[in-house]
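What follows is a pair of complexes built around subunit A, which joins subunit B in one and subunit C in the other.
Presenting the complex of A and B:
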């Protein structure tokens, strides 16, 4: 590559990176500012006086359990919302991955009617915006008396993540040569042993990629949480933090500290799993 | 030591019948090659012996044990796949020992067997590597090691050398044969490469379109082909198959009488088969030589192939010493060696024997 081409390329990439990263940097900066500095004009890019008050209030400012009833500040619910988000994200991911993995395996290994159509129908379903599903699903949850429960959110997230996870795992399993399974069967392994000891380790990058996708979708969702949940103690984090905005006043420090804390689990997960994620999506892309 | 007996074995995929009531007996300790062109059913037969495909009809026995209803793991066979099919997430040692592991062999015994097999195959230094860190030849050895570790009743090999380069293939041919002689395990080997079949086998089973065409030693299938398919399939360059006529007890090709003893009840029109090595070049007008014109000359190392057109669209190839010179369109003649002439019935394709 010629030097001037590389220079332009790096300049463009740098600009894009800045645009993408700026909101996060701004959130971190704001979360560390004292209240008077947040509204100062001109704004300071980096806080002059760093304070962890917002984090302290969110993490150690008391809990709903210690001060129940009316008048509880929204920040007291933060850890509860955090826990809710963890439960629904992990719950929906475990269900999505289990169903997607088993379904994708059967779709690539057994012959039955409709075998070829299922992955395509699934991916078509994923292409429909989830806002179209949310109200019919809400009505279903009402009739099942599941509204305002974490389980309703888990089911909702499974519905939106399963099709893509199924597609991804299907593409992955199609790339796993059937001979290694046949070799294991000749070696004396049962179908279950073959799946557990041979297929799953090979499919691990795909499982990790699909898991991260599912975790991110359910962790970041706002729509389902907004529609399905109404009591403060059952909200997921994304919906809960909106309570730092009460119509007349926005607690920007708490809002930004929440955003930073909310980003952390996914950022850490992404950092550790990045290698597998690339391998997983790569395999799906090439062989799917 | 186990005989392999296949009786009336048929296999259909939908309306496509891949194997047609096939019978085959492989005596204990023999190295048998299933040889045939792509799609002839040889791999399907091997997979049915392994239990990876279910038979539509017929039965398979290992000695007096009927196995066609058993899953692959209960047949006590070992199989080497064309792609080697090593377990990519396991190291070489675990690949070799996996069959022992799932059968509950205690770890010390397993380690000992893995070590012994690795030593024989000269891969002891690779035991901790993953398959992707191995060369093609090393993977081949690991696949063999996995098959050998369990001491199976029957070895099944599905074109195991086809992914190797020509030089390594030649080396491995010899090694495979050597291992078979040392272990003495009944072996069924699938290939479309007749050189492998001829050099390695005790018995060759030539197959075409799901039917066994001939079973015999390499010498038999080469020297006494049972039908036109075997005659044309075995041998490089292939056998010349020339239309010939019998009248007044004399065989004639393109009007030239060929002095060969004729089988009784031979039809008036036959196909004469003669290998290029058994065709000599002669001068036009020589007795017993079929006149023609040189159509193509090819040098193949120490030999030269001379293709002679003896009648429109009918050509005979002679394999002669490279020092024999010929030019295209030269007027020459070819003389088939009467001692090595085969006659076939064009209607049935079967060899006519005396």
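Presenting the complex of A and C:
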């Protein structure tokens, strides 16, 4: 490639990358501004006086600027919501991955009646939007008296994570050769020993990829939390931060600081998963 | 194939959780949604669920808001999908160039896909704030507009903002899929074309595009189905407003179920969405050759 072509390509890529990243850069900039600077027109591109007040309020219990007479400000719940989101994301991921891994192994190593229906079932579950699942699941939770519990949210998220976990693990196991397993079994190993000692280690990259996707989908969901949960202390992060809009004026620094903190765990996971991401998409794409 | 047929108990045992889970998390909710669509159900009076036949469907199909939502969903889906496909292919081609440091660009450009919708919606409301938003400031200062635009409180601009949000978040999906496919196109094809004197545009039209056709068709069908049914992107940005100008069917179903306490009507709208989706899925199966062993992944 000629140097000037490369230079143009870099310039174009740089410009596009800047536009794509701008909303998040702007969120970081806003989150560091003191209140008077946020409402200034024209806006300052980078804060003149950097302050970490918004982060302090979120992370250390709303002691910085609790609204007078309003009881506990929503920001005081931030860490609780954060914890809730971690619990439900991991909970639903563990269930979905376990079920999907066992089934995918079984599907690729044994023959069953009705086996051909499985990919169709997976694709159906994969395409049905949450808004169709959420109310029947909610009414079921009501009759089981499980609403407003983190457990109900874990079960709700299995609806949206299981189909693509199954899909990914199934595609993955089809690519794992069975000769090693056969050899081990000829040498007298049982099926369960083979599964634990040979199959699981080989499947680990697939399990990691599917887990990351599942964590992202559960972490990012809003609808299930919005419908299933009531109490402030039980909300997942996504539903909780929308309560910051409840007051009469909107604290944009607080909003943007919570945006940044909410994206951080996913950004860290993303750092690890870039490699896996492409593999996962190649194996049949993920929920979107 | 003696191996494949041995120790079936383990195989069956491994399948049991899935069979159970499909029953609980897929079949049951869908069956329940279908049942709900035939009863009157006010969540405040859960014990009173009279069977009303097709009343809910009649209600939905006679509701002007349903049709408004339907047409708006088509506008929303059409623009989103076309923009995602065009920008996505362009970006994928750009990211496919053999340049140093390309992995960093790839990482940054795929990033929006993993950002929570709530975060994007909050950021969008801030960026497109009519009084002190940066977008208005930038447009004013380069002279594209003379007055501040009320992005989220004028119907057409609210729809445009929502579409931009959707394109921002989901174009990476197209990029990743197309990029993966680009990497499998044999370079000999390009070398041969170059020897024959084909320019950049010809090579794109005669080699790249036909090679991408299949994967693009699949991506477009996928994105169309998902975008059509999106809820959070619109709800969190505009709540369907101003007025009802950004409603789609998902918001309509949600609104009937939650705000109007008509779970049956909401379920009927959901079942209609499901039927449309199944039609779309048939198209997907046709387009992708899905289910054939060699193509299934």
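Following the convention adopted for this analysis, the second predicted complex is superposed on the first by the 247 of 288 C-alpha atoms of A that agree within 3 Å, B and C clash if a C-alpha of one lies under 4 Å from a C-alpha of the other, contacts with A are read in each partner's own complex, and residues count from 1 in each chain.
Here is the rule we use: a contact is a pair of C-beta atoms (placed from the backbone, for glycine too) under 8 Å apart; a residue touches a chain by one contact, two chains touch by 3 or more.
Because the structure is predicted, anything quoted here is derived from the model rather than measured.
In the superposed model, A:97 lies in contact with neither subunit B nor subunit C. Look at A:187: by the touch rule set out above, it reaches subunit B but stays clear of subunit C. When the shared chain is aligned, subunit C comes close enough to touch A:174, but subunit B does not.
In the overlay built on the shared chain, the residue A:202 is in contact with subunit B alone; subunit C does not reach it.
In the superposed model, A:141 lies in contact with neither subunit B nor subunit C.
Touching more residues of subunit A than its counterpart among subunit B and subunit C is C. Of the two partner chains placed by the overlay, only subunit C lies in contact with A:256; subunit B stays clear of it. Across the superposed pair, subunit B and subunit C both touch subunit A at residues 182, 185, 190.
On the subunit C side of its complex with subunit A, the touching residues are 3-8, 10-12, 14-15, 17-18, 21-22, 25-26, 28-30, 32-33, 36, 43, 46, 91, 94-95, 97-99, 103, 105-120, 122-124, 126-127, 131-132, 134, 137, 141, 168, 170, 173, 176-177, 179-180, 219, 222-223, 225-226, 229-232, 235-236, 250, 253-254, 257-258, 263, 266-267, 270, 273-274, 277, 280-281, 284-285, 290-291, 296-297. Taken together, the subunit A residues at the contact with subunit C in this complex read 1, 6, 9-10, 12-13, 16-17, 20-21, 23-24, 26-27, 30, 38-43, 95, 98-100, 102-103, 105-107, 109-112, 116, 119-121, 123-125, 127-133, 135-137, 139-140, 142-143, 155, 158-159, 162-163, 166, 171, 174, 178, 182, 185, 190-192, 195, 216, 219-223, 227, 237-238, 241-242, 252, 255-256, 258-259, 262-263, 266-267, 269-270, 274, 277-278, 281-285, 288. In the complex of the two chains, the subunit B residues touching subunit A come out as 50-52, 71-74, 77-79, 81-83, 85-89, 98-99, 102-103, 146, 150. Residues 177, 179-180, 182-190, 193, 198, 201-202, 204 of subunit A are the ones touching subunit B in the complex.
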